[in-house]
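What follows are several structures.
Next come two complexes, and both contain chain A; in the first it sits with chain B, in the second with chain C.
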Partner chain A sequence: MADRNGFFDLSKTALTRRTALKGLAAGAGLAVAPGFVRYAQAQSSAPIKIGFQSHRTGIGAAYGRWYEKTTAAAVKAINAAGGINGRQVEVIIEDDGTDPGRGAEVVGKFATQHKTDIVFGTLFSHVVIGSAPAAGEAKIPYFVVSEGHHVASTKLNRYVFQPGITDVKSQIQAMAPWIAGNVGKKVTMIFPDFAFGYDHRDYLPPALKAQGADVIAQIAIPPTESSFTKYFPQIPAETEVLYHVMVGPAVLTFVKELGEFYGSNRPQLFGFIDSLEATDINSPGLEFLDGSHFWEGSPRYAQPDDSAAQKAYRAAVGIDDNGAAVGDPKDVSTAAHMFGCWETLYVVKKAMEDAGYKGPEDRAKLVEATEALTEFAEGPEHPQGPKTFNGKIHQCFGIQNISKVEGGKLKVVHKTKIEDGLYEAEGDYTTQAL
Partner chain B sequence: MAFGPHLLLAALEGLVTSAVLALTALGLSLVFGVMRVVNVAHGEFFMLGAVLAWAITTAIGGHPALGFLAALVIAPLIVGAIALVAEQLVLRRLNYNPEATIVATIGMLYIIQQLALTFYGPEARPVEPPFSYRILLPWFGYSGYKLSVIAASALLLVATWLVLTRTKIGLVMRATQYDSETAQAFGIPVDRVYGGVFALGAMLAAVAAVLIVPISQAHYLMGQDPLLLSFIVVIIGGLGSLRGTVVAAVLIGLSDGIISMFFSPTLAKIIATLLVAMVLVFRPQGLFGTASR
Partner chain C sequence: MSEASPARAYASHLGVMALLFVLSFLLPEYYHGLLARIMVLAVFAMGYNILFGYVGLLSLGHAMFFGAGLYGAGLAVIQLGWSVPSAFLGGIGCGAVLALAIGLLALRTTGVAFMIVTMMFAQVFYLVILYFATWTGGDQGMVVPQPARVLTFGATALDLTNPTVRYMTALALFSLVLLITLAIVRSRYGRVLVAIRENEERTKMLGYDTFSNKLAAVVVSGAICAASGAAYALLFGYVGSSFASVQYSILPLLWVLLGGAATTLGPLIGTLFMYYVIDITSGYTSAYLLIVGIALILLVLFFPKGILGSIRQRWLGWLP
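Let's look at the complex of A and B:
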């Protein structure tokens, strides 16, 4: 296109009144356009933007909803107390459909379009693994609340952190002695056929072996399966403990069919509450679980020895003593995991304050400040319990609860110690370039 | 577990799958056979049936059998009504053009699915079975309700067959399927037949869903698997052939049950898909279909 008006002609210095007006109008238009940094002249007053990668649809949708509620409650509390570095926190939510491909797109969208300071909040392990490279590429810190071992395995990258919830390898190691000592020594595992299940498949056998117990069979079930009876004949007859970690919408069927298959003559059951998060433990067909044991990150039911911080946290998020939404007893929360959102946001706050974080140009500083953290004391910011943090593997370690189903409630019967779950680091993220 | 009981369990599981699949696929096959419309939203009518079953049983309360029976009657009727409206609003306006209706039903799929997500939510919700009798075999226990699903499905299939072959409605449908223009010339209200067939197809899917929902909960994404399997069944059995659909459903259901129990569920899916490819190559009209004129 010819430059007829000499618009791009640098030699032409005289600025006509019309051109000046045009320029002004264009500038004003840009300033009111969405996404424009309106606070450019006053950096300190702009909100800190947190991109929340939420499982709003897809198989993780029940988790996504409660992760959003917990996040909203934590952000409200943080903002009421003055925000982060004196700036308010704003959460921008994008749905990833619980899908790894879309997860990566969402991370890209946060980095380039919304220009958020960090990305946060992912649960499902395959989405985390799918999204992590995008976060590393965009050099945007990615704080997940996923429970999987993939962050701590150091196979992701330096921008991925899991400071709010203990990983599966540590959970299993901490609980194995109790399982071997109190439930049984011949264990059959049933797990979903993807990353989260593989963590269990890989780390339970050695952890039990160390306690003199054995995994005698491992049954992998595709995550989209809707009927399970056909897998049960693979469970060896001598099984003492059935260890189950199913996820997804079909888990109720899983338990019901297990009940039909075994009746009252069943092996002991030990499961991860992941199977029944957001599900009423008193649903028809679940009577079968009475007397069985579950891992819980944070107890769903209020316990007699709950700390003041735990009580305040439950009230802030809006769950009653049964772990259901206040006012709607049928709306059961994902209590065992969602505390991780609350705690992660407080870790982000701490790290941003330590780093003197001002904006996206300080993301590398934020990474280093997070890596420098070592301990989180139990309290209003960490209501689930005390934690230690290993900056080399970007993973925190906390206590685990083992709960028994009794009279239609989950009662905590054993709490592990932080030391029970510590393991040798498999690598070191801090050696990677920023 | 010994081989005999293992096989028995596999066969039972396969039959339950077949029973539900036969009803769902029959609906798809009927719609294609009479209207030449490939209804991609068929699985969502299935899902709607299950979701409505949950809503109805929750609203009624009392003994689970009461709510379930009400759901068995009311849910398909509501789904049928929705399908009828969709047919009038969308498919009729496209003059049942094969390509356009595929795209339109894909749109319907997403609309129904997202409405379910908005109003019903993302949770999987259970429906209590009308009775929970556990049949105790020497080797394992089995749900009495599952066996009743097989029986109920067989009854419904026979009823559908009777309607199609022994009643005037069935005659009109078959006439429309055979040659819709001639049927119209003979005074058959083809438009109304199309509406009725589309609703009936959706109702068959909804009934299947109500039957299965006490076994696997209602969830807004539950329509995807039945849709895929129905297509497999309908292609193998021959589009528009009732007998072929039922035979293929039993074949696919049983092989799925047995192969996935003795080998792996993935292998079962591979074999089913391979079978579809084979049928398409060597007998494009399906096992029981008639070659297009």
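Let's look at the complex of A and C:
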């Protein structure tokens, strides 16, 4: 080429050692560039990775299975509607064995090996508490669906959230007025002698007291117990309401023995459906529960006044009108809790969109965006009902259902209001450093 | 078993420590964190090995010593506001005192009775944790707050929640306990322990007070297990009753059997092996414990003395 004034005119520049080195560096940069381009592209189109800490084995396995089904249904719906920030959502599952030690390792695995954007989905309280330090240290947002008061107690850390299900303290406080007003004012509590029971032991008496009712006896049953008859004589004769929150496989024996003890002349019964999640209410021995009342987070049985969103949610998750898997009536779901997975994922979606979340470098922004949320309207994303969210304590508040066992089904007879379950914040996570 | 020269024995152990040190810079992030945890739990297994491997006493209650260290250190920080070094020493102290008390009672029995008595004491310890849930957090457990997990040396503050600091702290503890174990098993005292394991009556006839020696072994074993528990609480920030449950009494037994009882490095190898089998297989099936069980059966069939025990028997007779 003869164009000496053009771009290719090299005659005016001497090729010094420095320029040669610059050239080499630029060349090396170009050689690496395709990788960089791929990476940049991956940032915008690679899926959002959600680490699902699942109780696949151990005591929480029945819950874990239904939590997985609900999560899969929610992710399918989110992806079908375009994903989060235009990116598809991918769920990576690790089994924590319902064990806090393994739980912490699994959180570490998500953060450092799978490099997920968040960790999600834990139910059992001891696993949440055992895993929370690992999440805080790895600075990975940890969205639990646990129902325990541990998140709202502000004893964990700024990276732990519970935005999709209410906590036990709120549930008890919301239901106490109805119990005192409709079932009876002299209450005897029977609860398992471990943490889940202690939440009830500690929060029910003051909540009832405020309504002019009293807990007249508290009977704690050791978790190793398999027969309960010997505890029943401790129930005071003047008891009007027997409040029971037994959990685990022994619950069938508990109800059967209670039936044998009282016969047809029993006090009113009020229980938490936690005892009977994934258990058919029509199982032999449970006839004694007919006419009794239960708390339900979300109703197991389809109700006549179900919203369109509730119907769509049930269809998406694959449960029939009796709350069992479509096509397998014996596979009863954990309907009262698992909706929390669905709703939590939509909260994550909203917070990620608000934060303009692009990848793990935006995790702190995601925490702040979640804390900035205040309410979730009832609808396809929140089929259980409307909720408010307190960003200081990382906990949502919502409605509770009280259902009566009638003709082998649970019929919702009362829905509490959000305000019924509100309480004073016990701390403020937002003061902690990110 | 042929006798290794002190230089050879110590050199091999220093080599393992050096390898673990180098691995800190080579391992991917996840395995780096996992190995820190494994080293702390290998200390638990080493404590167990003192009693099981060298004295021949099979305890099914060592979770209580791990738990004593875990709660001793954890509660000292959470409830009393102690500093990390004081809490760590407090945890070891709790384990040693508990081991002394349990040893005085349990060593009146032998064989199967010793297993049952230790298991019962551990169960009592576990239930006591649940009973005093107001202070211990019961079955939910408690978090050791992140700001409290800082080791201060004058003007220098080491954040134990930092992965590198945590790894190096775990390595320091592991190395110290490994050298202590090696020194014990090579000492006159260590030989007396092995003599008790091989023939207690004959050892008595030779004029040794076997009860005192066994009691000292229980206390050393308990204190080492408690050191592991205390380190776990301070390094990983969680104190919970599941670590005092029967499962955590059986785990060190499995780790030691796998790695090789009465080998100083066997506990590390056993813990490492079991962790990796669980970590890898759980990615493929929820029936991973079945695979762990099959692996254990195969090991017992083909390596009855554990991995390192079999290697020592066949090839490296000098291994301590």
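Operating definition for what follows: the second predicted complex is superposed on the first by the 390 of 434 C-alpha atoms of A that agree within 3 Å, B and C clash if a C-alpha of one lies under 4 Å from a C-alpha of the other, contacts with A are read in each partner's own complex, and residues count from 1 in each chain.
The rule is short, and it goes like this: a residue touches a chain if its C-beta (ideal position, glycine included) is under 8 Å from a C-beta of that chain, and two chains touch if they have at least 3 such contacts.
Since we're looking at a predicted model, the values are computed, not measured.
Contacts of A:Glu105 after superposition on the shared chain: chain C is touched, whereas chain B is not.
Within the superposed three-chain model, A:Tyr262 lies in touch with chain B and out of touch with chain C [touch as defined at top]. With both structures placed on the common chain, the touch criterion links A:Pro304 to neither chain B nor chain C.
Contacts of A:Lys155 after superposition: chain C is touched, whereas chain B is not reached.
Of the two partner chains placed by superposition, A:Gly327 touches none, neither chain B nor chain C. In the superposed model, A:Gly86 lies in contact with neither chain B nor chain C.
Contact with both chain B and chain C is seen for A:Thr57 once the two complexes are overlaid on the shared chain.
When both complexes are overlaid on chain A, the residue A:Gly407 reaches neither chain B nor chain C. The interface of chain A with chain B overlaps its interface with chain C at residues 56-57. Interface residues of chain A, counted against chain B in their complex, comprise 56-59, 61-62, 64-65, 221-222, 224-227, 229-233, 237, 249-253, 256-257, 260-263, 278-279, 283-285. Across the interface of their complex, chain C is touched by residues 56-57, 94-95, 97, 99-101, 104-105, 108-109, 112-113, 125-126, 129-130, 132-134, 136-137, 148, 150, 155-157, 193-195, 198, 223 of chain A.
Remark: chain B residues 1, 5-6, 9-10, 13, 16-17, 64, 117, 121-124, 126, 128-129, 132, 134, 136, 140-143, 215-217, 219, 221-222, 225, 257, 260-261, 265-266 touch chain A in the complex. Considering their complex, residues 28-30, 32-34, 37, 130, 133, 137-144, 146, 161, 236-238, 240-243, 279, 282-283, 286, 288-289 of chain C touch chain A.
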